[in-house]
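Dropping the structures in below, format is structure tokens.
Shared between the two complexes below is subunit A, which pairs with subunit B and subunit C, respectively.
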Partner chain A sequence: MIRLRRGLPALLLAVALAVLALPGVASWLMGGTQGPYPVARLWALALDHAALSLAGVLPAALIGLALGVVVTRPGGRGLRGAADAAAAVAQAVPPVVVVALAVPAFGFGWAPTVLALMLYGIMPVLRATVGALEAVPPETRLAAEAVGLSPGQVLREVELALAWPLVLDGLRVALVLAVATAAVGALAGAATLGTPIVIGLQNQNAVLVLQGAAATASLAFLAEALLLMAVPARE
Partner chain B sequence: MIPALVAIAALLLPLPFLGVAPNRLLPGEGVTAIAALGPWVALPVALLALGAWRRLPGWVGAASAGLAALALLGLAGMAAGERLADLAPAARASFGAGFWVAMVGALALVAMRGAWMGVAVAAGAVLLLAGGWLDQLSLVVEGRARAEALRGAVLTHLALAGAALGLALLVAVPLAWAGFRQPRLGAALGAALAGVQVVPAIALFALLIPLLAALLRAVPALRDLGLGAVGWLPAVLATAAYLALPLWRSVSGGLASADPAAVQAAEAMGMTEGRILAEVRLPLALPVFAGGLRVAVVQAIGLVTLGGLVGAGGLGALVFEGLAQFATDLMLLGALPILLLALAADTLARAAETRLGRPA
Partner chain C sequence: MIAQPVIAIEGVTVRFGGTEALRDVTLHVNAGEFCALVGPSGSGKSTLMKLVNRLVVPSAGAVRVRGRDVGQEAAPVLRRSIGYAMQSVGLFPHRTVADNIGTVPRLLGWDAARIARRVEELLALLRLDPGMATRLPRALSGGQAQRVGIARALAADPDILLMDEPFGAVDPITRRELRAEMRRIHAETGKTILLVTHDPEEALELATHVVVLRDGRIEADGAPAELVAPDAAPFVRDLLGGGQPGLRWLSLLPARGALDPRPAPAGAPVLARDASLADALSRLAESGDEAVAMEGEAGSVRAEGILGARR
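So, the complex of A and B:
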């Protein structure tokens, strides 16, 4: 079931920020004399930006989910501390530093940013998955085992089915964070909505900076709105 | 033990272990670990395999993995010297992707088998550096050439992070108290501070410059106080804006963590609001607050990096200069100290939290 009302505030914010990113609006606000960024190129950058964010979030989602499932299995509990610590370190190092560390190893382009977004996204997904799986009542699990379901079936048909809404919340947080931070990719040569920001900084053109910032935030809120609408609310 | 397998694969597969370039800006030609180290490649491989062996006690595994990391470093230094021996003085030998993957794998193995061994690894790396084993590596050459700038950048970085943290505390603590007294205000504040997090950090730093410039034009007296639209001011303000959320959350959460029954009992005993705060709420709030403070300190050290974009200096300035020149060693010279500072701050804060009574 699609719930339009849940995502409406974020959607309205996204539209307002998109208007702010329009060349005419931005240059009027900033009183800039230099040329603004044309809409067509902003649009192309937005598509690149979205693709780059997804390229970072999808592996983070898979790794976070897999780790979350493994550390909540009886055999994997010993790894819980190590996984938590690794995810905390990954979150403590800001993406711009990861990009700076990754460029020497992987060169300019998408790879450093994808790596940074991936490391940044694992923790929200891992935390949400572990929290959601631990919130499944033990009686439910015992009942499913008593009916004769195999451990794999219990996981798929009972635990993940119950945990799914909370896991999706974590995925939403990870995606919104990734869209907001993908702008740093511009520093490592990836075409993103951070590109006008970097150009604006280099040429002291505040209009470009505002356009890039507003467009990035708009895309982040759009992602939030879409996921809020697509995901059924927790009852 | 996945990290050991990844590290061994990085050493044995045809990945560039070292890059040898005619000067500091040109991309280097890759040399695989087997070609660069010859038979010596067996040493880190064996140490990694030993470190991953589950039968061994944890400390032996950690020590073995730590020795593998140090062997990688020392052997890379020796191999760099051999490769550069016949080349012009401007030639550089830098770490390649294979080295980095193997190093990250070895350090991850150390962390898994016994994280305290990390201190010994750090000490060993310092000894290798002091003993001149690494002098031929491009990163060390670059670091020696810029030792003065590097030292200044570290101090500036810490000063900026400290200033941002202080400012964020000055704002977040009273706001959290106000929000605690008036929950509706608190909800609005929480939403506003969370909204800041969605603004891309690079954009907030950049946007503060025109905003501050407009403010300084409107109120020229501020200029006399030494404030400028470019420099430390936008860096400190923008970093503080991001730190406000974890601080606000932990203070609010800490204040709310007091059991209402305990507060009512204190009221019934005739305690004033001030005494309840000091004797009931604060002791209960302290551990929660300490957790938020740790997150904020680590984030401050990372976020101040972007100050390099707005003329505030610090280690970020080295990173962005390196990115602009495509000079990878300069990027690392800025980024590695940030990573080490953040990890050191996190470790110290965790230790302090544990002493405070409740591990996070």
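So, the complex of A and C:
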């Protein structure tokens, strides 16, 4: 029950924004003079948008998690500063810049956006993983070692088992960021909910801009709500 | 054949960075001994204990357990064969009491039914309510958590048990109960126990073999009564004596050793057979008599006999 309640505000916002993106509603709000984007095409774009977001966030999650584990091992502590700095730089570069710079190398399509989302998502996952692993009480880790768990078992059965609610918080942040940011993919020719925004800007059609923006935000809040409901609350 | 010590630490030095935690320490512990390591904080007692299950690796010297160098087998395998209990308990907060206790048996590949039976036995041995098995550690009191920690250490029935200040974090009453529990478990199971404590009274009360450490060296190593005897080294006597080393010494000597053939006067207090000379002295002080009787003995324990312990 608590889980469902945790996700409810985000879910309600997602629904409200989805209503706003409906052709009739958006066009009525903007004065009804310009033509809206049809619902069926918005749906198709939303699916593409979600898939593109996942394609960017999954490698980010894997890299962030792996880096987080490596820099908290006794042998990897020296890499901690470098990993933090790299993740910070990766997040400091705006995704739109990454997309623009990546187009000459990768061409139009998904690749530039996947790269941008991946770079953008590593830091929240890395930070959450390192923080969560460092929050594991040292005496619990010592006890695990002392009774005979191997280093791999200490990591899996004790450290990650205790850390995963916090790690999932980081993954949720990364996913929501990715969904909200994936709209820039439209600039590099990827079909996303950014597509109506770009078309609207080119044709000075505010209805399309509103629809694309509202639908993107709706999808981001939906992702937030689903993950909040899927993950048990921390005490 | 000479009996081999179960734990043999030979000329071990341990360095952490620039500091020496242990300097050329040699210690032998025989099978079935209850060995207490005592000393001020920073004396190296905990480090000495951790050599046994390779939580600490010697910079020089050798550590042999059951006759084998501890470096010869993989550390996790060695550790599963040695029970370990510690002050902060270190129960796994996300696992139930039963799962915590069953940790080592599970690592050793026991089947679920055997683990469940063993968990039940241990809850009974540590006098814990069987209904506690399904609880998480945060629902336990400090004393209960300590008992679960000791049960976890005993789970796979190891012949060696390491205990690092296992009664440090509980109130005095629970502490006394747990000490009595440990004495009983040692008597019942005959395990070799290595106990780290900063409490000299605890060491003298529980151990058959007391090792006193200071600044990374062994200051004294022997039976409890020897270490507080009048001819013991002054530092050791001061540390273990608690301000009244003479009385503490008497508390470690059996009253039966001072039996006098003369019978006790009628109506004299009666001592239990396992009473110490300090108990006898205490009864004399209370009654004002010259002698106390002893259960099942014709003779008596007399003031001059008690004071003659020195002779």
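Observations
By definition in this document, the second predicted complex is superposed on the first by the 232 of 235 C-alpha atoms of A that agree within 3 Å, B and C clash if a C-alpha of one lies under 4 Å from a C-alpha of the other, contacts with A are read in each partner's own complex, and residues count from 1 in each chain.
Here is the rule we go by: contacts are C-beta pairs under 8 Å (C-beta built on N, C-alpha and C of every residue); 3 or more make two chains touch, one makes a residue touch a chain.
Computed from a predicted model, the values in this text were never measured in an experiment.
When both complexes are superposed on subunit A, subunit B and subunit C sit side by side without a clash. Of the two partner chains, subunit B is the only one that A:100 touches; subunit C does not reach it.
Residue contacts after overlaying the shared chain place A:226 against neither subunit B nor subunit C. Contacts of A:51 after superposition: neither subunit B nor subunit C is touched. By the touch criterion defined above, A:15 lies against neither subunit B nor subunit C after alignment on the C-alpha atoms of chain A. Once chain A of one complex is fitted onto chain A of the other, the partner contacts of A:63 are absent, as it touches neither subunit B nor subunit C. Counting the residues of subunit A that each partner touches, subunit B and subunit C differ, and the larger count belongs to B. Overlay on chain A (Cα): least separation between subunit B and subunit C is 23 Å. The intersection of subunit A residues touching subunit B with those touching subunit C, taken from the two complexes, is empty.
Those residues of subunit B lying in contact with subunit A across their complex are 27, 94-97, 100-101, 108, 111-112, 115, 197-204, 206-207, 209-210, 298-299, 302-303, 305-306, 309-310, 316, 319-320, 322-323, 326, 328-329, 331-332, 334-336, 338-339, 342-343, 346. Interface of subunit A with subunit B (complex): residues 30, 82, 85-86, 88-89, 92-94, 96-97, 100-101, 103-108, 176-177, 180-181, 183-184, 186-188, 194, 197-198, 200-201, 206, 209-210, 212-213, 216-217, 220-221. Residues 53, 55, 74, 76-81, 84, 86, 88-94, 103-104, 107, 152-153, 162 of subunit C are the ones that touch subunit A when the two sit in their complex.
Note for the complex: subunit A touches subunit C at residues 137, 139-140, 142-150, 153, 158, 161-162.
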